[in-house]
Amino acid sequence: MENNANMFWTGLSPDEAREALVNKDKSMRDKRMSLKDAVSKFINDGDNVGIGGFVDVRQPIATCHEMIRQGFKDLTLSFQSAGMAPEYLGAAMILNPEKCNIKRIELAYWAHEGFGLAPGWRYLAERGLIDIEDWSNYNMSARFKAGSMGLPFIPTRSPLGGDIKDTSRTKIIDCPFTGRKIGVIPASNPNVSVLHVQAADKFGNCIIRGTDCTCAEIAMASAHTIVTCEQLVSHELLCSNPKDVMIPFAAVDAVVEVPYGAYPGACRRHYWFDGDHIRNFLGLIAPIVKGGPTDALKAYFDEYIYGVENFEGFLQKVGVKDLLAVKALEMQNCERLA
Amino acid sequence: MENNANMFWTGLSPDEAREALVNKDKSMRDKRMSLKDAVSKFINDGDNVGIGGFVDVRQPIATCHEMIRQGFKDLTLSFQSAGMAPEYLGAAMILNPEKCNIKRIELAYWAHEGFGLAPGWRYLAERGLIDIEDWSNYNMSARFKAGSMGLPFIPTRSPLGGDIKDTSRTKIIDCPFTGRKIGVIPASNPNVSVLHVQAADKFGNCIIRGTDCTCAEIAMASAHTIVTCEQLVSHELLCSNPKDVMIPFAAVDAVVEVPYGAYPGACRRHYWFDGDHIRNFLGLIAPIVKGGPTDALKAYFDEYIYGVENFEGFLQKVGVKDLLAVKALEMQNCERLA
Amino acid sequence: MTASTDYTAQEIIVVAGSKILEDNKIVFVGTGLPMVAALLANRTHAPGLIPVFEAGAVGPPLRHGLPVSVGDSRTFTGASYVKGLNAAFELTQRGFADFGFIGGAEVDMYGNLNSTMMGDYPDGYQTPKVRLPGSGGASDMAASCERTILIVPHDKKKFNQQVSYMTSPGHLDGSPGARQKAGMQGKGPYRVITTKGICDFEEGSNRMRLIHTYPGETVESIQEATGFELLVSPDVSEFPAPTVEEIRLIREEIDPNGVFVKRVAK
Amino acid sequence: MTASTDYTAQEIIVVAGSKILEDNKIVFVGTGLPMVAALLANRTHAPGLIPVFEAGAVGPPLRHGLPVSVGDSRTFTGASYVKGLNAAFELTQRGFADFGFIGGAEVDMYGNLNSTMMGDYPDGYQTPKVRLPGSGGASDMAASCERTILIVPHDKKKFNQQVSYMTSPGHLDGSPGARQKAGMQGKGPYRVITTKGICDFEEGSNRMRLIHTYPGETVESIQEATGFELLVSPDVSEFPAPTVEEIRLIREEIDPNGVFVKRVAK
């Protein structure tokens, strides 16, 4: 609030975002690498990180686990509505703020809808450990969209009337054509975005099933993008109907095949939510908000994140039974022959 | 130019466009009707008509023929780049300005790329018979986009620097966030839009193959939309992959199955251009630009448009040979098993 | 149409919400009880109701079970149109959404909602006493749906003279044309559904006004639970108890696992 | 690499255009000769060239014949990404297009192009002497591609001190930072390919400068055909005649029907 009302850029300014793309190698080349390498290469301390997905749908969970293993400092997280991605990152900060540190969050919503509120959010916010900038889902989506369009701002009616306009960098102007009031909000151009999608080719072309969320806009707005995917397939198959491609290769820097990469969240056509895993995890953080001990949360991190080499190690800990169960649930939502 | 530099709304103002939608029956109901009824019901004298397609791709030719048969007065035509749609409408005005009358054109381009310049355009413009407002392709597309988003304007960098900003209703403002100059252009909300697509269901959900052009934005921006389609299919088939749907039913008012409805232009997966028919038609107008007689053009209209009941009658005049030829050409561009 | 004698506060909210939804209208559905109410309306008097979910689904038949998220796979199967958040909110900003259906943690007499924070605003914005999830799409719906239906549990602490933070603007300060003057679109809050009754907003003053009391409640008991002076409609009436069939639909077909409709006895 | 002795003015334009395009770069391709040049580059030194067409296709392999329109079906088959005009221009405005390749009917010494009208501007804007097709996407490319390559037939009436109408802004008045001051992005015009030679723009003055003369032309013959004073690079050199193989590719494989490359003898 103190400074949100004044204008400043987090991530890249519009001119910097343009220059980043102009100077980038945008060729159609093989971008496959390990998630370890992708996180180490493209996520730097101090970055503004755009997070894809929506609440617990298609969140880049595997990438968040890897970020936690490598540690991060002074990050700004930018998203519309998120669930387990910031919950993991935030819990890592609760346990060890030296190793994992979030400086600021620009968001519309952090909770888990049917699975409950976000204790990590309450902990960080109520203790004043992070800068907060509230927006709405459309505000944040439109900010990424402005960034993806190469515009410094975009008009929207959403911030009119309420308090969001006063606690964010929104400005209310008189429309140059109608004279009526309208909101204008600054573009968001993250340094890097982290996304999970259903399918990609090695060049980074991506297919998304179900909601696109705001993933394409985030990727196009960011200077760099790390994509994890359920299936890495041939360019010919992926682009057999080019209109299915939601993110073009030129917007992507790293492609990593990570099956179940959004688990315990959901990924259309592949798996539904693991509500028990999510609720259990939230239950480990909730007592800490009220001053309780961190032991149980630490044990989870030691077993599931720090105690494994990579996301496949995490999935091994989760076990086949739970993975098959969420797969079976999704097959009921969206029946398909293999 | 005289008044383009001052602000006024053609079609609907943003507030009127909102009210039109609010008061409209947006239910999922059967919208099939004859093209005759659709044109008679939804296109009124004085309307701003948004025209879909791009140059000679997926232009709503069948609808333009029907408009000519019924006559039109004081229309404003709005499009990015168009070819045969305004060429037919403009030629009808050359022949009989009492019956068919265009008042104004807001456009980026009117010609035929590889098939040549547009003599209808030269005739109307050079004689000062219509108001002209020049934009660029992105300007016009973005104006429809702003209209479809419910915004009164949208920023774009395109009009900066050149003369378009001075002959259109563009304004150049200082960006409220960067302080740098940026263009803002007013939304376009046509009274009615006319579009041709590959497939639709009876509710008006539309699938577009190849370029979307700016069709979805035009449909969503307009108060009413007439869709002609190559194939009218069941709702279940059309929406079997909902992500293929580019225009949702609520934006559409009339659905008419018109095979070859963009002929002699092209329609991906169905037929390629009939270059000979296009060039022949342009050749009938070209001499009139230089003051030549209108007989040959009149003969074309009498035979192909006024002399037939509907577009199927036109296709019968064209004949099977030419229709099969353009179909065969497209099968080379885009091979598919039926 | 036997009246149920065994229903919970959340269940009557769902029934009330569903009855307000008109057939063949487009309703932008927020997460939680609004989803259950939209499903109930669809299964009863409004088979032509068209739900829109902010994650992008337009017009799904919702035959695969209750979504637990507005981005849930269950909202997409059979939908007419699926894009992402920008597309859904642009539809709304354009005027396609007849109703928006939203919840909040706190409401004032003009239908302004808070789902951001409890505490000392503006000074304590960065250190809230209780940090709530945030707007999500609620403020977008409030700003751009033609009419909004609000769901707020009835409690003196939640029906306040002034909300801690105005996340989702309603009738603002209630003055005539306040929304228009602020640059907003739409007619704003239309109904408030609480755990005790149903309110509309008085024309002119734009103040919350009781129009229906639930069985077991009175005008007085509801005023007692409200932190501001509630207007009362001259035609105030009792809202009928849900029918046995409505409760069966909710419990057995729509939310059999109690994802949103908790089985706390009334 | 035998030099051709039988090529047309349009053919050498195509060859010159193709040589300027760098491999693995993204080029926004306007209609006409730029399409032929992009195809030739792709078939020769730049197999990794990524064409973008304003109607929406990104990165098509272009193996189904020469498109006659930038919205042609032939631009879509095998593309990596296909949306519509807004998406293509937004990519460009964002900074994805390394080069834009455009034509015009008239150009000035700062690379400002006209494709709107000939006549008395501004007074005669509504009654032009000759009405041209209009900007199409040219002014968008001029405003937002990082660098632009211009194609203009060389003729004293077309290389003018001042263009009738500035459709596609180049270096504007040539003053340092003129584009930035106008709010524009990108470095602006990079090369001008004419029917007589190739120009760049002098650093500092941003004035058009001859760098290559085609066979049969001299600095003098080109200045003679130019309506303003053309600067001449100290390193001005002859552009080699197209090779037999380049001409064969254009005539037999790329544009066998002479859609854009007309068979008028030089």
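Just so it is clear, A, B, C and D label the chains in written order, and each chain counts residues from 1 on its own.
Just so we're on the same page, a contact is a pair of C-beta atoms (placed from the backbone, for glycine too) under 8 Å apart; a residue touches a chain by one contact, two chains touch by 3 or more.
The structure displayed is predicted, hence computed values, not measured ones.
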{"item": "Subunit D and subunit B - chains in contact with each", "value": "A"}
{"item": "Gap in Å, rounded to a whole number, between the CA centres of subunit D and subunit A", "value": "41"}
{"item": "Inter-chain centre distance, subunit C versus subunit D - centres from mean C-alpha coordinates, in Å", "value": "57"}
{"item": "For subunit A, residues contacting two or more additional chains", "value": "150-151, 156-157, 175, 180, 182, 243"}
{"item": "Contacts with two or more other chains, residues of subunit D listed in rising order", "value": "57, 76, 82-83, 93, 144, 185"}
{"item": "Chain contact graph, described as a line, ring, star, complete graph or other shape", "value": "other"}
{"item": "Set of all touching chain pairs, with the criterion as stated earlier", "value": "A-B, A-C, A-D, B-C, B-D"}
{"item": "For the subunit D and subunit A complex, residues of the former touching the latter", "value": "24-26, 48, 50, 57-59, 76, 78-83, 90-96, 98, 144, 146, 185"}
{"item": "Subunit A - residues contacting subunit B, complex", "value": "7, 13-15, 150-157, 169, 171, 173, 175-178, 180, 182, 184, 186, 209, 243-244"}
{"item": "Sites on subunit B touched by subunit D in the complex", "value": "1-2, 54-57, 80-81, 107-111, 113-115, 117-118, 121-122, 125-128, 131-132, 134-139, 141-142, 145, 156-164, 166-167, 172, 175, 180-183, 210-217, 266, 268-269, 272-273, 275, 330, 332-334"}
{"item": "Residues of subunit D defined as touching subunit B within the complex", "value": "31-32, 54-57, 64-65, 68-74, 76-77, 82-86, 89, 93, 112, 116-117, 121-122, 125-131, 133-140, 142-144, 165-169, 172, 179, 181-185, 259-260"}
{"item": "Footprint of subunit D on subunit A - complex, ascending", "value": "17-22, 25-29, 148-151, 203, 205, 220-221, 235, 239, 242-243, 245, 248-251"}
